[in-house]
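In this document, chain identifiers A, B, C, D and E correspond to the written order of the chains, with residue numbering beginning at 1 in each.
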Amino acid sequence: MRKMDVMTVSGLLIGLILIFVAISLGGSVLGYIDAPSILITIFGSFSALVTSYSLERIKGAVKIAKVAFYVKQTNAPVIIEKFATLSIRARREGLLALEEEKEALNDPFFERGIQMVVDGMEPEVIREIMETEVFYIEDRHAEGQGVFKTWATYAPAFGMMGTLIGLVQMLRDLDDPSKIGPAMAIALLTTFYGVLLANLILLPIAAKLSLNSKAEILEKQIILEGILAIQSGINPRIIEDKLKVFLSPQEREASERAKAQKQEGGVSVNAT
Amino acid sequence: MRKMDVMTVSGLLIGLILIFVAISLGGSVLGYIDAPSILITIFGSFSALVTSYSLERIKGAVKIAKVAFYVKQTNAPVIIEKFATLSIRARREGLLALEEEKEALNDPFFERGIQMVVDGMEPEVIREIMETEVFYIEDRHAEGQGVFKTWATYAPAFGMMGTLIGLVQMLRDLDDPSKIGPAMAIALLTTFYGVLLANLILLPIAAKLSLNSKAEILEKQIILEGILAIQSGINPRIIEDKLKVFLSPQEREASERAKAQKQEGGVSVNAT
Amino acid sequence: MRKMDVMTVSGLLIGLILIFVAISLGGSVLGYIDAPSILITIFGSFSALVTSYSLERIKGAVKIAKVAFYVKQTNAPVIIEKFATLSIRARREGLLALEEEKEALNDPFFERGIQMVVDGMEPEVIREIMETEVFYIEDRHAEGQGVFKTWATYAPAFGMMGTLIGLVQMLRDLDDPSKIGPAMAIALLTTFYGVLLANLILLPIAAKLSLNSKAEILEKQIILEGILAIQSGINPRIIEDKLKVFLSPQEREASERAKAQKQEGGVSVNAT
Amino acid sequence: MRKMDVMTVSGLLIGLILIFVAISLGGSVLGYIDAPSILITIFGSFSALVTSYSLERIKGAVKIAKVAFYVKQTNAPVIIEKFATLSIRARREGLLALEEEKEALNDPFFERGIQMVVDGMEPEVIREIMETEVFYIEDRHAEGQGVFKTWATYAPAFGMMGTLIGLVQMLRDLDDPSKIGPAMAIALLTTFYGVLLANLILLPIAAKLSLNSKAEILEKQIILEGILAIQSGINPRIIEDKLKVFLSPQEREASERAKAQKQEGGVSVNAT
Amino acid sequence: MRKMDVMTVSGLLIGLILIFVAISLGGSVLGYIDAPSILITIFGSFSALVTSYSLERIKGAVKIAKVAFYVKQTNAPVIIEKFATLSIRARREGLLALEEEKEALNDPFFERGIQMVVDGMEPEVIREIMETEVFYIEDRHAEGQGVFKTWATYAPAFGMMGTLIGLVQMLRDLDDPSKIGPAMAIALLTTFYGVLLANLILLPIAAKLSLNSKAEILEKQIILEGILAIQSGINPRIIEDKLKVFLSPQEREASERAKAQKQEGGVSVNAT
């Protein structure tokens, strides 16, 4: 069901390749790999991250980070269409009939919402429960992004520390001028690693997670409004109008077109 | 209908020309063009951007960015005048008469609002639907600006990476002192590109998009308030007063003047 | 009516003189004036500003900026005193009598508010209209400050670009060591100009505009509350109490003193 | 009544002494004092501050800044105890009896609140008036802190300008290499002054003012809630419970202990 | 009851060890320890902190900081389970029966809430009191984090000051070129200390405190909602549903599993 997001992955790869090419144009790439520098920049900043969050939460964040590399399908139009079906059925057969539809939803949040309607809970209670849930989902997403953003601030700082360590070393033995250049070159490597880690990997992942989170929260919002609209018994046409305001003009047009095609198709079938 | 915004374009061009002049005063401009430096700064930061947003969204943002180069006409006074007409007609012939006016509005948001009034929907429902729509329009605008702002943070970072790569290369072969200068000159070019890209192109576009977005949201707000005012049946005079608070004093004066001229004209016609 | 704000102007002048003195202590001031550097820093950052805002808005902002150089008189106590008079008259002769007072107010916002009360509009409608107007006044003020803040971020960036251009030029002809110093001196000038422009001129103007805006919004808030209080017909004493909470303790004391003096005067006149 | 805050003053002094010691370890302190550098950093940034705020406001802020050097006694527990007495008296003798207690409060805000209760004003009006007052007190406090925060951003910027001026001077006469070192040393002094002024003096004062402001606003909040609770006539026990939530656990324990001691004392007296 | 948080401590230790290793790879670690540099960076920034907060508050913050090194157990599922028991008992035996359960709660906030229900206070009053308390708990937590964040901004600033002092010293005696290197090495040490202190110790502690605070506030929020739900007498099933929205999907699953096991266990016992 989940598809690898070619763009995210290739963005990362192309970025790395560009860096690689830029380096190799000027000489050997090997000279840019220095174990102690990697140690201090990557592992140093990571240990500051562990102090900040505990390993468990970081594991959780890394698990979430994988999400950034998969396509987040915009389900919003699908969900709205689903509500069109649900609202018509609810009108014809009553709210209890929705229980049968519940199984096919494949979304625990959606299911729980429908269940609360079937159970006959008060609309204000349903809204309160669902809004609290959406709020805390958003909160947990933000925490996941926070891990990467925090790392992205530690990485250049540890890079700078590495450079300072290297500079101090170099400055203390200025006797052999021929060593100054290479020593300083290595000292600068940690700063390079820190900036690279932050700007090519950590910040883009945080940005992608934030986008995916926003898309998911939008879906939850549509589900919340849709469920309350069905419960209140308003006209299915108005429900659809109400939910479509969440869509972008492009999505709206696409969904109109899809609907028109289906109806045309339906008519031709009838005509046969 | 859309007019190229001479100012935006010329701001950009004059900025580039100034940079060009400043460079050429000191020597050949060619020395400032270096393919690998361009590669790492522009394409490197762009690939981080692709990781952050996916190519599709970036394409969308670029499409929106074109808007920044066109004049965003302030339609606010025109819209308010339109409401003067609409409210008078609604008072005389009833709300249903508005359906005929709908076609001439040329704004799907406006049309949908009028349609809801014609359909006799509850004012709270109309407000809720329209406010949600305005909120998500603003949200999508913000996302478009976000692409440029994010790029503007990656560009100098990749510029700095390029400079670090160049410095490390230079420092490792310090044998030939005559090469130090030119090598370092090239190393600094990427930082120059990054700062230029961010401050002359990306940040100004983001700022312009934000201004255009605010103007559009203001119009939507006026439409929303106007539609609800018409539905509530208040006096057309008060509707106009209510909507004019959205205008700046300059716009207000201009609109008063325009009105006065028209009425004068009207009177003179009557007098003839 | 408007008085030049000696402090604002002299702050700026003294700042410039200090810089001038600091420069001239070390040698000729002429060496600090370099046409291409001025070109790239001031005009370069200005062209980025034009791209961001369009020339029209910048003109508007500059017009507003002049306000920063004039004394913004705190009218708050005067306004509160005016309301004392208005509320007493409204109590004695009815709300319609306020129409006569309207002319003397010299503030279109105040006048429109009184007019709405005279016209017998609902208090909620008046509050809504006036609050919306205050919100958009604040918004336009923020936009004016925004122009200067944005310029203040572009100026040092273009200064840095100028320095980078200069450094690259210098590094490419390292043959003549005697030229290195002067070339680098000129390269640093753009950074100096950028920091100076931002910190001595642009940011202080933005700060001053923000203060003036806050004072004006406070006055509008007092007018809004005062008008609604008069309409609701509460006791003039309570209206004054209600409005005085907007004043600082110093202003409150000053206004108490002024009142006491007046009453004393009044008594002595009566006594004569 | 006000006590010098030993900690604030000694923090500042110890900081200055540490800097002094660090300097004197490496040589003469006199070499770190340079009149033109002080001129440009301190007075230059101050003149930008005058442009931003006008001298009058800065004087006000400096007057407020003195507060940062005095102990801000946490009156919260005392105020809550006061309300215990007031609420019991109000219950026994009626709200009018509070007028006699008013004099002993020593806090104009508290007095005005009690007076409004005595005057029989509506609770919503009292809340509105008092909340507006608290809002504007907080606002004026924020303005005072703002002066120091703004200065703290100008100071390092003017330090940097001074360094740039010095560097340009030095670079233009590179003929005598023996002068390079001392000239650059003096150039760096302004940056040192700017960072010192901002981080040892201005930012700590702004932080301290912010803490004192928060403590004062908390007290006002307690007074506001207490006055409305007394007016509503709820049980004195519940009033105390309601107000104690504003206290930290430590303050709460301390206040419980104090109360227990008093009651014990009271019992023992009765027992004698 | 409290367990040392192995991760937080080992993050810190591993970070320090990595720095140690990186340093010792290049030479003696002793060369990186310089008493005056430590003095100015650590104690200098600490004295600015004392000026900002007063020693008492810093002591309090350090006491809180210890919390960062202990495991913050997520009690949320336990609390929700507790409410399952409480709500069933309240339904069977009335709200007064909750008084007996109070003792076992081990949380003054929880106890006070139950007591207010037992005392028969109005739900709005209970909500107001408990929400105010949660707000001020959060506020005090934020103040504790603030101490570390503020220190983290002073530390690199004092490091920079130390480096500037060292540079000025070095530049003034350029006579002996052999001393330049070591002098500059020592000058850079303070910057190194400042960045290290901020990024390996202070910022991670502030981040950890913020996480712990969020977890505690979440618990308080659950307690608040649970107590009001019990008082309102809703079905224990719905209370559980309502409170579970505060849990992450993982916690929810874990709690479902635990419950299922318990019920199974109960059944098998019955079956024997």
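Following the convention adopted for this analysis, a contact is a pair of C-beta atoms (placed from the backbone, for glycine too) under 8 Å apart; a residue touches a chain by one contact, two chains touch by 3 or more.
Keep in mind that this is a model prediction, so the values were computed, not measured.
Chemist: Any chance you could name the chains that touch chain D and chain E both?
Modeler: Touching chain D and chain E alike: no chains returned.
Chemist: Between chain C and chain E, how many steps is the shortest route if every step has to go to a touching chain?
Modeler: Tracing touching chains, the least step count from chain C to chain E comes to 2.
Chemist: Could you work out the angle of the rotation that brings the CA atoms of chain A onto the matching CA atoms of chain C, rounded to the nearest 5 degrees?
Modeler: Nearest-5 rotation angle for the superposition: 145 degrees.
Chemist: Pick same or different for copies chain A and chain E, depending on whether their interface residues overlap by over half.
Modeler: different
Chemist: If you average the Cα atoms of chain A and of chain B to get two centres, how far apart are those centres in Å?
Modeler: 26
Chemist: Using mean C-alpha positions as chain centres, tell me how far chain B is from chain E in Å, no decimals.
Modeler: The computed centroid separation for chain B versus chain E comes out at 42 Å.
Chemist: Two or more other chains in contact with one residue: find those residues in chain D.
Modeler: Within chain D, no residue contacts more than one other chain.
Chemist: Quick one: ring order starting at chain A, direction chain E?
Modeler: A, E, D, C, B
Chemist: Across the complex, what residues on chain E touch chain D?
Modeler: 36, 39-40, 43-45, 47-57, 108, 112, 116, 121, 125, 128-130, 132-133, 136, 140, 143, 150, 153-154, 157-158, 160-162, 164-174
Chemist: How about chain E: which of its residues touch chain A in the complex?
Modeler: 5, 7-8, 10-12, 14-15, 18-19, 21-23, 25-27, 31-32, 178, 180-182, 184-185, 188-189, 191-192, 195-196, 198-200, 203-205, 207-208, 211, 238, 241-242, 245-246, 248-249
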